[in-house]
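Mind looking over this structure? Questions follow.
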């Protein structure tokens, strides 16, 4: 069902490295799962609206009042790589 | 040679002037120390959840009303999934098929939709040019992350770079008048992308379009669009086809470079945001937005024409500049009803606006009431127009009252008496050739003579009187 | 009064503290001592000796709480069972944890779980599997396995877990304790490291039904930081129901017949008989679309999680692996190294279900199936007060017996997943033994009917008199 190129494509979208063995295994596993979940295609869903929220359906909005922010030190505390001012990342255009 | 028609649509992002960010209560300031306005929500920490800002919705509704849009009764937030260093959650919370506002119109350009979303963080690139290419690493500042944005999308109803610029300026003034945003392209609170394609004149179908992104000034918007139109025209004229892609315009070199081709186009995997319930737009919310609307530029221009008898072009010029219009309205308010509004308009538009300087009219030392007084003095003949301009210069310099300046500096009109006689004599002596021509019947030669008189009297002489006297003296 | 306060239920201890017969800090210390006895791999962090709070106010009487690792606890590791968050200390505390501490249940320890709450056996924990105290060669269930074991083995008086497709109820059943999944939206999710946003709910795992009611009563709130939280319409009271006169219990054939192990079936039937003896009417109650619930769940949950887990990118927190080849390479290496196989599998499945061209067929359809399942329950509750099923189709299974085939693991959720999709409350109580291992009985009610199902559970519990001492360490 799911072929190699599709698996590679999804892995790219999800930013997950897969080695050769994993690509193959994933194709088999996902195909098996999809085989099962595809049963829902048997149902007649004509005229049935999707449910995105199970219980409440209308939201409350937040008043536009300023609250406390983290200090910079707190914000950077868990950063893997930082210069004390910001979060350092490898350049996007590699 | 084929006649090509440019077809342009704009996508404008506007940062909304709220006290807090779109989905958290951090302050959305510009220019502060990096990473000093963040919280678990806008930093995308594990376990954090968004809650939508009521004021952002209110401002979004105001924009929709001002642009004549239909308003959703229920509006839904969607996740737009993509990975980038400026995206703390790995998705942006935006809107997909149920935006806050639907189709509308501004000055003949149809609006497709207006929706709300949260802004991305800022990348500071560690390279000399500050651009992505050539940098090994970037630093991310999350202060901006989560700032409320309204995205305004037009239909492809624009047909030239100049027209696009002009319309964008009108949109900016409209938004400025609404007070929903600072709309400063410099500071990034107004950003514009353009979609451009060409088609043969008379064709109904659209050609392949390209997207031009990140143009951060009005001039660059116009130049960028113009450059792309030329590029596409050259391609098509030489028999090639336009590739759908995203481009960046470099204003320094004038060149267009590819950011992203269609194959690399994002699959955003939109789905309804499960952490937010749909926004119910109630009658009360719409009424509240409507009540908050000030008079908009188009309405204002129409009012100037119909109520104040100002001509179309001048009305549009005034109404099209929020500051100018505000100042003008104050001048009209302060002025005596006997003075024609169009006279006031000309003074505001031609004389005051030009002297305003960088900080603008409203921040200058010139008070609207003072200008009204000045115009009254010219209008009733107390001073000449030229003298009036001298007074205006003073008002910009030191402020104060025109009447006081006139009396302090003796700028009252000279329309007779010894002073004028002496000046006329001096003029005839200074310009003998011109004087001869006038004696010979060439009234046109009066010009230089009048000029000398004006100089002698510091512009206070009445033009008509001067000509009369000169003609008498030169006996024609 | 017993010499060992850790032999008491939470409610009993709380009462003693309130009456002055028991000192709250002594109680805390006693439970710290019990937590140190963990030989099941259940706990990820235990409070230090000096961590006992100075003052304890509130109805929970200072009875300390075990908290599942995915609840953010300021300054204390909150890892959601994943290597990608190993050692991560959040700068804030989850709303529900803060609320419970304020009500008198201070933090005792953090418990291990399946990674990012994905799993039904606690074998997906990056820090090692959790073992069942009834039989250490078997799983405790998941994903709140650590929390269930903490209570079952007497390492903690009560625990907080989360339930997305059965992750409180199923481990409660496999460990012989009580577990409640509340109505969606009745408890704040702020500070819960997310798995599937429209399904995740925090809930109590406890020694008995009274403790569950007591803890839950202090959990409900409309939290302004969680836009999906609505709080609870009723105030939760301690149940005192002793019989079931006038109660109609509905049994759905789809969730109690085929696929249920004989031993589990047997205790289920016994419990139904007890219910009749207590005066209940037991009626068949079809849920025609329940057989499709698992499929819908395994599309909706992975889709939401694929998006929720995108923030784990090595930029702002957590592990980073940087091969030195630019940003995307860093993302892909970091996430591949930091996520375990089940998490990677679900991210891939979810990404696929949402991807261009597939949305309507998968995610879109699954949300419609959800509507049908909700309708099934609405119609069912017109005819009965509660729906009852076995909680899990089997007793605790051996470690490693289902890890080769992910689908076989997913199938063990088929009794609990429908209630999650519908957002309705459901409680599991231990109702007997099969092959020397506990079985669980699930009672589900309409939205916000927790008082009702707690009452029914209490009555049955009193009748069943389940002996859980076999698991206590």
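A, B and C are the chain letters, set down in written order, and residue numbers restart from 1 in every chain.
Here, a residue touches a chain if its C-beta (ideal position, glycine included) is under 8 Å from a C-beta of that chain, and two chains touch if they have at least 3 such contacts.
As the structure is a prediction and not an experimental result, all values here were calculated from the model.
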item	value
Closest chain to the centre of mass proxy, which here is the mean CA position	A
Leader among chain pairs (count of C-beta contacts)	A-C
Gap in Å, rounded to a whole number, between the CA centres of chain C and chain B	57
Euclidean distance of C-alpha centroids - chain A vs chain B, Å	40
Chain A and chain C, separation of their C-alpha mean positions in angstrom	23
Residues within chain C bordering two or more other chains	88, 91, 198, 224, 227-228, 310, 313, 315-317, 327-328, 331, 351, 355
Chain A, residues touching no fewer than two other chains	13, 15, 52-53, 56, 59-60, 62, 70, 75, 87, 89-93
Residue numbers of chain B (touch at least two other chains)	40, 43, 51-52, 83-85, 140, 267, 269, 274, 276-277
Chain A to chain C touching residues, read off their complex	2, 6-7, 10-11, 13-18, 26, 29-30, 32-34, 36-41, 43, 45, 48-56, 59-60, 62, 70, 74-75, 77-81, 87, 89-94
Chain A partner contacts - residues on chain B that touch it in the complex	18-20, 24-27, 33-40, 43, 51-57, 83-85, 123-126, 132-133, 135-142, 267, 269, 272, 274, 276-280
Chain B residues touching chain C - in the complex, by the definition given at the top	40, 43-52, 79, 81, 83-85, 88-91, 140, 267, 269-271, 274-277
Complex contacts: residues of chain A adjacent to chain B	13, 15, 52-53, 56-72, 75-76, 83, 85-93
Contact set on chain C toward chain A in their complex	88-89, 91, 183-185, 198-199, 224, 227-228, 230, 289, 292, 294-296, 298-299, 306, 310, 313-320, 322, 324-333, 335-336, 339, 344-345, 347-349, 351-352, 355, 361-362, 364-372, 374, 405-407, 410, 421-423, 447
